[in-house]
């Protein structure tokens, strides 16, 4: 089906999120949308999907103007969408989520869950997913949840499929498989709009590329264009895509983890006898497929989870049983993987968010009172130093784009003296410009002689930042290898192979 | 794609929790020692059924302290079972908890009634009748909160239903018209709640609180201006007939208590499982729950969030209105000023206590009804506890239930959140 | 309907403003507030005095409501209920030129405050005696709204009346719901009219064998009558405060009699004495008794006891005389 | 982005004023009064009588209607602000002092409930906390003999501490067992009422000297009474000042202090708070204690502002009104202050309205409608066809500026 957007304009108050955007997607084409955080990609797709109503412009399917009153109409017209943020009901099973809105029913509207399950299995089999239809979605790792989202879209046999950052939480292998599926669908005639911040993927799969900046189309590009060129178009300036770092100057052991075991919410050892050391001036990256215990490992390191066995030493200090606050006071900086949930308070201002874990004493607080003079000064300094693009420190965090939100978290954590820095998925969903910046700051921390632990499912990031790489699989570390290890080897290790 | 499902991790022996067996053992000891060893030797008569019942089970006369001791031992055995399961890292099944609870109640009754009768059917029957308005109010609350609209106005809905049922029932001389008026009136009230909350995005708690105030004011006003002077015509509806259900009502013990009731009670029996069925087994329920958990996600699959919320809240009003009718034409007949007397708030607590689940909420409502009749009956058979403390029994029982056994509950994720479309 | 003429008023209008402030609860409580209010409206309709009133919804309202009456230049303000006693004493002291009446209260010394009280135990004693006579099980019940003196006074008189019948007839009579010795009994816990709890208490008393109920808590007639119907027992209700068989005729079929607290006429008489008869206001304590007719048993209806109604009527007269003469103490 | 689609500056400014909160709140109150007026008219006997012969003499109905409204609101004004009919200064000024006196406990309890809301807790337990605080205060004020000044301070402190403890119990149960605060607070309201009644009934506890079987306490000792502010002609007492101090403390606590900052953090995002080292369980306990402490000021007002003995219903409807006051005041200090004053005015005005024949129910209904309209900006906007809120002007302007710069490049 041919999709045409003509002059789509969408305003939020006086802010123009989409400014007369034209876009044509031919049948069977994979069309990539590129743009910085907040450029307006998701807004445009939400208009197409009927979730937002456009202020101006038309949507045409096979040259027929469509009037969508809501997503229901768009779905009926053959549009399917995988949303950037999960649109799954956490307490429902996979099958329930997949059929929601399009439920197979028997008499009296009774749910036919058997045929729902069958449908999930069919699609899983067809595309090689391995998903239990009866699993509760919130119990699934994020990667699997993303697959459920994809199954949901596929289950409706969409003629136009929108994929908004579907690969943000997928491993390289999973991404490759997804791109294979996209190819297959396109060959079968489905038109696909594919949004991602990862230029490698765009180059690999897209037929055509449209770049959006500040709500307007800045131009078309070809997949054969260089990554640098694409990045420049997106950001409006030259971007350095690699990570530049000097050879590590190793200090003494900063973090020492011995036999750490963490029991998850069920009775599973989500972290299973993990041992490693990180020295000052070194970046240890923990690689692995999402859901293999990295999150829980990080949370145990910062005191959010109670280890059932093992020891965590920060220099000479035993922090195994310390509280989160004690660990923060001991100089551990932490970037959580889900910034909206764990890293920020959306309804707080930037200044308030910058002092989230610093409210217990100077310089941000004076006795029992916030030291507003200092706070404002420090906040302004951090905003400037970490290049947070905002009208000012009093802006609500939720009004920032994802990249800038992430910079606020990074600024908070790196804006003080650290003895250890732990970052979980530091650049997830962040645009290339911001990635460059965040990576620079991480390396600067390492070069200042701090031990750094990076947890990332992003192989490029892992190999770019790390001095050593630990690969986790099923709660265990299958090996700790040098940063120069090949992608293929790492990929095999992530599937459980030991070195 | 490769998989990383949960089962791939090494499994450990689950953390063994001895909370349940310990609580149980403590209870068992209290029963055995206080009710048994230090219990009173007077005889207690367990009246399982009334003499006129179809199948009459003869009274069971036994010494009060013997009941305490025997039950204490039984409870200890159950606690031991729970302990064995806990050691095997397994939780105590619900039915075992229930049996434990039932035996504990029997021991309590036996202890209180030393030298007296325990009219079993009477207690159970009254507990049910007292629970009906609360249960229906709670079902209305569940229907509203399951789609994400917090309903503080249950109190107002009960009052509306009670008022209209009595007045319309009296004026038309037909209780069924009263019943319908109650449901329609409370539904209209729900529509107000729904429109303000969904369309005008008013804080749902504010609307609820205000509606309660308004309804109390309006019913009081009408009562003063009209009903009090003309009670004979406008406020003397009588109550529905008690209809024994053939067969069921001859079941020993339970029959007379549960199946010799009014239509309001029977409707409650129907509504609770029906609501459960609709919520958890049908397309409508799936969609409703989706709206209450994640309205944006529901919207993205073509579910009309506002419409779903509106109708569920409205139908919730119908059910709560029925609960209001149960207060008057299902129980005492005439309407009185402010006669809901806080039962709407109890229903709100019951919604939460019942974890937004119809069966659990019904059980919580029954617990509450039981506590009321327990305090009435215990006050009679066992003088000595000051009136003011006896009055607290239902509330303390609820507190113990929530603190000791229910604990953390999880509301529908979008409960109370307005949904604003882009 | 036709437009009314301006000259429709029947009685001559007097320049006398009589006012009343209610206890918590409304004027339409089918109980003591209502009795007073009816006294007020009766005075307006029959004597031509002007009236003014305010209902209280919480203790916070007492003083401001009394003040509002003073501000409205009331000549006489009636404070209804024991709960207002502190507020009305304060108001009387602060406004010596205004006259007050406290119903069920007392004066701390102000002469412009007239206390009006009732010996409800006297009529309740008769009610208890009659109840025992009526009862076939010789078990009679009573329960209250809340355990407060104004309620307990009824229940105690009732208890001793019932006991007296037992002593007179060598029969054991049991009163459920109140034991004056232990000061323990059945109480709803509030004055919510016709609550489920009220009905449950009534049902429990019937279950315990009672076949006469004496609910002392305002409007509980729906709750008790339904409990009776449901139990299938041929039981009676004794009303309180007003002659329920007349004022709430819908419950006439269950009513045996009522222990009346005749505040309507007390209020009327006080107003009439000053406003019409020109007497000076007196701060003397008025206490309604069987003797002065301030309290009385209403006409007996639906009586089916073993003794003939004439006999029991005569016996009640005898007891009344005994109480008036002081030979009988209705409080034990 | 078209520059010419931008509204001109002056009209933007006008729009911002018209769409602003203060103007809308003003309209809401007006609307509430209008709907309230309708209710008054249709509950007015003279009007209803006149209505029955509307066609014969319509002026009667109009006249009666107008009289009902103007009488009603003039009475409210006379009863709550200034009695222009009074023949002396004291009587003329009394209404405003009564408004303040009634506002005191409402503001204090409103602050308590508001604090709960800011932490994400729904404290329906203000009534129980008032009762428990008053129980403690009454013990000190009637059972202890202390010197002037000390007595009052101790009684007030004990009341606040007791209410705080009763609140903290809720927080503790929630933190420990996960018990939902809505259930716990509702149940504790009844428990507190039972407990207070029991204490007021036993002469070895708090029953008044020579009291009968009716639960009632002695009047607080004179040394423990809150002093009146303007002499004995006015009942307004220092409790209102305490409430004002409460507002300042509340503002400081929530806007300036670190603990208040953490309260808000927990209220907005528990996970982020936990990650930031905040002990969420402990915060619940502290927050409920603080909430109870503010409610405790209301208990002080009720227990020590009294000149006579207390009865178990001394909390009146303050516990529930506090919820509305808190919500109406958007849980901010100044907002709660204003909302409390509004409610205080209604309470103070009710007797005067009753005098002209408006039943308390009518006042309650008028009040309800005002709250409803204040809480429903979109409805008020729809009725008056106001422009949508211009909330994000700051960010919008910044965006526009940025865009212009970038596009120009």
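We call the chains A, B, C and D, going by the order they appear; numbering starts again at 1 in every chain.
Operating definition for what follows: a residue touches a chain if its C-beta (ideal position, glycine included) is under 8 Å from a C-beta of that chain, and two chains touch if they have at least 3 such contacts.
Since we're looking at a predicted model, the values are computed, not measured.
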Contact-richer chain pair [A-D vs A-B]: A-B
Geometric centre distance via CA averages, chain B-chain A, whole Å: 45
Chain centre separation (chain B, chain C; CA means) in Å: 37
Interchain centroid distance [CA atoms averaged], chain B/chain D, Å: 32
Set of chain A residues in contact with two or more other chains: 12
Residues within chain D bordering two or more other chains: 201, 359
Contacts with 2+ other chains: residues of chain C: 147
Interchain contacts, given as pairs of chains that touch: A-B, A-D, B-C, B-D, C-D
Contact footprint of chain C on chain B as seen in their complex: 119, 122, 126, 129-130, 133, 220, 223-224, 228-229, 231-232, 235-236, 239, 242, 327-328, 331-339, 341, 343, 372-373, 376-377, 379-380, 383-384, 386-388, 391
In the complex, chain D residues that touch chain B: 43, 122, 124, 173, 177-180, 182-184, 186-188, 190-191, 194-195, 197-198, 201, 320, 323-324, 327-328, 359, 361-362, 364-365, 367-369, 371-372, 375-379, 382
Touch list for chain B against partner chain A, complex: 1-6, 8-15, 89, 281-284, 286-287, 289-290, 293-294, 296-304, 413, 421-422
Chain C residues within the chain B interface of the complex: 26-30, 34, 147, 176-177, 179, 182, 184-187, 189-190, 192-201, 203-205, 207-208, 219, 221-223, 225-226, 229-230, 248-250
Complex contacts: residues of chain A adjacent to chain D: 12-16, 19, 213-216, 236, 302, 304, 323-325, 327-329, 334, 336, 341-348, 352, 355-357, 359-360, 365, 368-370, 372, 391-392, 395, 399
